[in-house]
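Naming follows writing order (A, B, C and D), and every chain is counted from residue 1.
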Amino acid sequence: MSILPLDDNMTQEPTRRARLVVGPADAASITETVCAITERPRPPAAWYAAFAMSAAATGMLFAAIGYLIATGVGVLGNNSPVFWAWPIVNFVFWIGIGHAGTLISAILFLFRQRWRTGINRFAEAMTVFAVACAGIFPAVHVGRVWVVYWLAPYPNQMGVWPNFRSPLLWDVVAISTYGTVSVLFWYLGMIPDLATLRDRAISWWRRIVYGLFALGWRGSAAQWHRFEWAYLLLAALATPLVLSVHSVVSFDFAVSQLPGWHSTIFPPYFVAGAIFSGCAMVVTLAVPARSLFGLKSLITMRHLDNMNRLILGTSLLVAYAYLIELFMAWYGGNQYEAFAQLNRALGPYAWAYWLMVACNVLAPQLFWFPKCRTTPWLMWVIAVLVNVGMWLERFVIIVASLGRDFLPSSWGMFRPTAVDVMMLAGSFGLFCTLFLLFCRYLPMVAMAEVKGVVPPHLGSNGVQ
Amino acid sequence: MLQPEHHHDDSPPVVGILAEFDGPVTLKAAATGLRQVGYAKFEAYSPYPVHGLYEVMGRKRTTLPRLVLAGGITGCLVALLLQWWTNAIDYPYWISGKPLFSLPANIPITFELLILLGALAAFGGVMVFCNLPQLYHPIFGCVKFRQSSTDTFFLAVDADDPRFDETATADLLRSLGAESSELYRQPRTVKRIPGMIPATAALVAALALLPPLWIAQVRYARKTSPRIHPILDMDFQPKYLPQQYSPLFKDTRDMRPRVAGAVSVDAIIGHVHLLRGEVDSPPADTFPMPVTSEMMLRGRRRYDIFCTTCHGLAGDGDGITSQLAFEREEPKWVKPLSLHDQPVLGQPVGQLYQTITHGIRTMPSYRSQIPVEDRWAIVLYVRALQRSRNATMDDVPGELKKHLKSIEQSDAGIPNAKP
Amino acid sequence: MPEYPTPNLDNDQVRLVGLPRGTSGVLMLIGLVALAIAVALGWRRDDQLRAFSASYLVNYTFFLSIALGALFFVALQHLVRAGWSVTVRRSAEILATGVVYLAVLFLPILAIMLLGWTSPYFKWLDPQTIADSHLAREKLVYLNLPFFTVRAVFYFLVWGLLARFFFKQSTSQDTSGDPMLTRHMEKAAPVAMILFGLTITFASFDWLMSLEPAWFSTIFGVYFFAGAVVGALAALILLALALQAGGVVRRAITVEHYHDLGKLLLGFVVFWGYIAFSQYMLVWYANIPEETVWYLARQTGPWTWVSVGLLFGHLLIPFLGLLPRVVKRRKMLLGVWATWMLVAHWVDIYWLVMPTFAPRHLPFGLLDICCLAAVGCMFFAGVIRTARRCALIPLKDPRLGESLTFENF
Amino acid sequence: MPTTQPPFPEWVNRARPYAGALLIVVPAYLVFLIYAAGSPQTTDVGYSPRQPVAYSHQVHAGQMGLDCRYCHTTVETAAFAAVPPTSVCMNCHATIGSERETIKPLQFSMKTGKPVPWVRVHDLPDYVYFDHRAHVGRDVGCVSCHGRIDRMEQVYQAKTLSMGWCLECHRDPAPQLRPEGSITNMAWQPDEDARALGRRLMEENNISPSTDCSTCHR
């Protein structure tokens, strides 16, 4: 059998496994590739441009929040009957984005998918930042942001406790747990790489800063042994956690009796949708990041191909849920439910519905073709479309159902205000800002993990 | 690279020998070899985990999984207890007809806390078991060791291993496949915590005492300044509550006084007896309502509140106000009338009512303080007070008469008793 | 350069040799006798075979779910190009082909419906129900005998073709050793998954959910799927244990395979619990009468204890039981838990079907055992017939070496 | 062997226990500080605004023993315990102490019809619905919420009036109840066990306070 060329790992031959890293795969060059990004004095010019834009958008986000807090929730478009609108759409959207990180870092880890090592670090970072963005929306839309701590169960001088049977409180607990565990997982995995940055540091401040965060990691056998167990256990805990988080988000809707919301398939359907949108966001970020930072040897075309397959698969799962909901709306014989589904497709928000179907169901079907799975610009476009589609999905579920419920006399439309739009755009700014800072200052690829799954550890020339 | 074999006494102590290996396989073999020879205090370093290495070094498997399990179980129990106690016991929530403690709705939070405490146990456990953070370690003093996190594998044998010998151990390591081996020493760094740090800490601690002291002072002092409520929320709403300020009217009252000269409809269309105490214009001699014992009791209670201050508990005109006024020699004070004096005794009830309503001489009107029914009740009680001074045996009801007589007789039996 | 050492299974027995030649025939006979006894028991009750029909449906669905779960397992391994599972995949392929025999065993159900004996068997066949319920009337477009039959034929066609496809391709590789066959199966896997997902969903709607024509739940297909995979994984573990006890594939299936199967079983036990909880919680919380009625039947009388039993027996106890690493790496222990899960899965199916027929009492009895024996023996008669014709592991699978050498962390 | 300065000196390790302690002490300190500072015991209790007239409850209610209802006439019939109009003061002070400096504002008010700007001491937030009638009429004594007014030269807030404090009594009213005749009696003490008496009163007068949100927030 022939040895695969060093720069190609797209083999589909069943007789061999594709390389995880193309080009030189020794530990030194992997370290060099990843560390050089943070060590060079200046990032690429594109980084500055992107940072300036996203920082400006972040500023806009905080300005909008400041205005919202100073003036009151009346500045949002939420109003009778669509009381839950834009902020919740954005919340569900962002928390969904976060799910791919845990999928890649925890679930694929449990499934021994070694290719995950190329992208898990920045998918995890994406999770943390997306959860941060998601958390903003429910917090600021409550009206009195300053008493948001009332959601926490602490002994207080009012003598009351939160209502633990409310899905909204489950949300609070689930999201904060998810945020905490994601950060722990991300940070734990990063400790050995931070130690690498510390050891390579030339300036004293880099040694001190990276040294502090590396916690004095030495890579001794005892440390690695416990590290691996902790990592495995965290993965085992994060896997059901990620399922539970979006399930809990879906409970917000599904425990109610509103047509279009009350459907038993919501939990797995929301989880699938979340992973779907998250994977699309990974591709959206990975395509530019790998070329901008010279990571094509570590985040290979194979990685993107795999991610696109995941997008296709989860797209089909989401399509399955759409189909079953439609079927059951008819089969169940509940006229309100049937109307809710019809209203989505033919009502005033039909544009959103059909755009959603086009983006979530039709566009990913292009990934059946290998050419589409491996053409960066094309997959980037599809991934962006999926992100748009998944945002619209939440919009359709929330706004279309609330706008037209049981009583025709209480029907109404939702129109976003400028503050709404600024907050959505600003949340992208915050997300990108955090991500750009991460790219600049932290190891974007899990070096120690990649080294552990490529030769010489596996004892054969770059193939495993 | 080369360390002189002879060293002066002031050179730092040897920590151990650091040997370099070219890969995980040789490292693992060497670790196995060291262990077989009988070395116990040595450590292996690698840029990524080498499976099986820890085991061949003869170390015990970590108990982290059990710790995580314990964390998970704790989270589970804490969540269940918390939800049960808070929502079913301490602050019962009655939600959509479900039982106060309804398990299905408690599952999500139970699950999340299970995961959270499990994850915290995993992270905390790895920190504790790995002895992290441990920012200083003598091995960081070796220049070569900096390569260990990139691509180089090391074995470090501690100098305090009983078998340690500078040359023999180095030879052994080389025979086990080490590419090189060197002694490494304690780096020269500051061992004692610099005095500035505890001094600063003490200063900060002292300053930190000030806020609690200030809070304690505020907590136990009377404050004339307005309450400190940083966030007013809806404490003050734009609505009018009784007796509050309103800029709308000149007199700044939000409650509007009755328009001057307004006449109650009741007074026009009837109820003259009740409201004015009149029957065909002269003061009434009868009560406008049936006289009951409840009314009498009510009258007594109201009398005690409003009348005793001047007229005294028994109506003798010796109320506390009067006493004080005389004590202080108030020039304008006039002793209130005794209700047992002739002019009052002879007045019809309607006139007594009118007196309460409109006042008389120095006595002010009590119209605004005492409602109509209560005024009549007071009149009734005043009548009872007056009667009590002039009662005869005929006034006593039958049952009580016997009782009184028995008291009288027993009193009579006592020699010194005066009737 | 080969990635993995060439497998050396020269000394391993990979053919089903332990069983005497007539085993299939004997099993078939036992099955027929059991079926006859069951029918007789059903007759005696003088209820137009109603009790028999219900019991037969339970046991039929039980074995069908195992075959379908196995089909899913096979398709999944190809979909993700798994290496570890190669040696246990053949067992799953053989189990999956059992769906062809199950197609024949579906005929009694269809026959009973066509004869119109036990009309309330599926209530939507009952003219009285149709007359009484506008919901049932509205659903006649979907729930009517001709369309029902057409759909059933379609499901079996899809499953049979898929199972035969994977089995044929895989066994022909045993002789040809052509790695491109693996590639073919990998390319077919996503299509197979789509077809499988839709057919198992609608089959579960048709055969289980429509027992209560007014009731519906969008997650029902996923629920049935989750149970089916649990059943299939438990069956695969037990099959591997049985084969090894019979002296075959002793080296091909290692403790690592058991460990992985155990992990998957644990995973799907949790997944089943997740789906079951999602369905229950949403119905319980919203408290809409048309939905709660289904759970009400399962939460009153003796069925309460079956429901509680499922919560503990199908989720909590096996979760704790399968959690320790050591359990998944000891054949005996894993065998115990696989048996446990198989029983729990049977109870799950029983719990799905029976409350419709016997809302007030637990009708469990000899009839169920006879039906279990009947469907089981005939199913395994077919499976053994298939198994005799091929090797018990894919002998020339390109990833066999990987499967034999992989290690769990 | 070539050596180098490690990134951190050895004393950093020795400082670990102290740093660890700080990680516990600092959050605990901050929590304590916020809890103590934000407590209504700190922010509200002891509030004693200077009044436009140096009216002494100690003299009137304590020394003279005026009944509370002589001035606060509405407590039994309305939600709001009215501050008396100037005319009530003038019942006595038309003749008593009329030349005193402290009475001047009353005379001014009487003359001009402008209300005396009394400062409210016991002021609940506007989203709280509190009904004096429901409490006074249900055997809750004045002293339970206002403290020993009869000993206050200048009235101050004696209780927190926080929601938890309200709930405490709504959940367990028995110890706060007293016979009808002793509602305004600041010094009243039960002859028997207060809880037993309270329980009896609860039964006699059908007292079962609600703890629904809408009891106070309507």
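One rule holds for everything that comes next: contacts are C-beta pairs under 8 Å (C-beta built on N, C-alpha and C of every residue); 3 or more make two chains touch, one makes a residue touch a chain.
None of these values were measured; they are calculated from a predicted model.
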Item to check | If a chain touches chain A and chain B alike, it appears here | outcome: C, D
Checklist entry - Considering A-D alongside B-C, which chain pair is linked by more C-beta pairs in contact? => result A-D
Checklist entry - Any idea how many Å lie between the Cα centroids of chain C and chain D? => result 69
Next on the checklist: Need the CA-centroid distance for the pair chain B / chain C, whole Å please.
Outcome noted: 58
Checklist entry - Rounded to the nearest whole Å, what is the centre-to-centre distance of chain A and chain D, using the mean of the C-alpha atoms as each centre? => result 51
Checklist entry - Per the centroid of Cα atoms for each chain, what is the distance between chain B and chain D, given in Å? => result 15
Checklist entry - In chain A, what residues contact two or more other chains? => result 159-160, 198, 211, 216, 228, 240, 251
Checklist entry - What are the residues of chain D that contact at least two other chains? => result 7-8, 39, 167
Checklist outcome for this item: Among chain B residues, those touching two or more other chains are 91, 105, 133-137, 140, 146, 233
Next on the checklist: Touching pairs of chains, all of them, please.
Outcome noted: A-B, A-C, A-D, B-C, B-D
Item to check | Residue ranges of chain B touching chain A (in the complex, touch as defined) | outcome: 23-25, 31, 43-50, 53-54, 57, 59, 61-62, 64-65, 68, 72, 82-83, 86-87, 90-91, 93, 95, 98, 102, 105-106, 108-109, 111-113, 115-116, 118-120, 122-123, 125-127, 129-130, 132-137, 139-140, 145-151, 231, 233
Checklist outcome for this item: Within their complex, chain C touches chain A through residues 1-3, 80-81, 83-84, 134-135, 138-139, 142, 179-180, 182-183, 186, 190, 194, 197-198, 201, 205, 214, 216-222, 263, 270, 274-275, 278-279, 281-283, 285-286, 288, 290, 398-399, 402, 409
Checklist entry - Mind pulling up the chain B residues that touch chain D in the complex? => result 1-3, 18, 91-92, 133-138, 140-144, 146, 182-185, 187, 189-194, 197, 201, 208, 211-212, 215, 218-224, 226-229, 233-237, 239, 241-243, 251-253, 301, 304-306, 309, 320-321, 324-325, 328, 330, 332-334, 362, 364, 366, 368-370
Checklist entry - For chain D, which residues are in contact with chain B within the complex? => result 1-16, 18, 29, 32-33, 36-37, 39, 41-50, 64-67, 69-70, 73, 78, 80, 82-83, 85, 87-88, 90-92, 94-98, 113-115, 125-127, 154, 156, 167, 181, 211
Checklist outcome for this item: Counting only contacts in the complex, chain A reaches chain B at residues 26-28, 31, 144, 146-147, 153, 159-167, 169-170, 173-174, 177, 180-181, 184-185, 188, 191-192, 195-196, 198-200, 211-212, 215-230, 233-234, 237-238, 240-241, 244, 248, 251, 448-449, 451-452, 456-457, 459
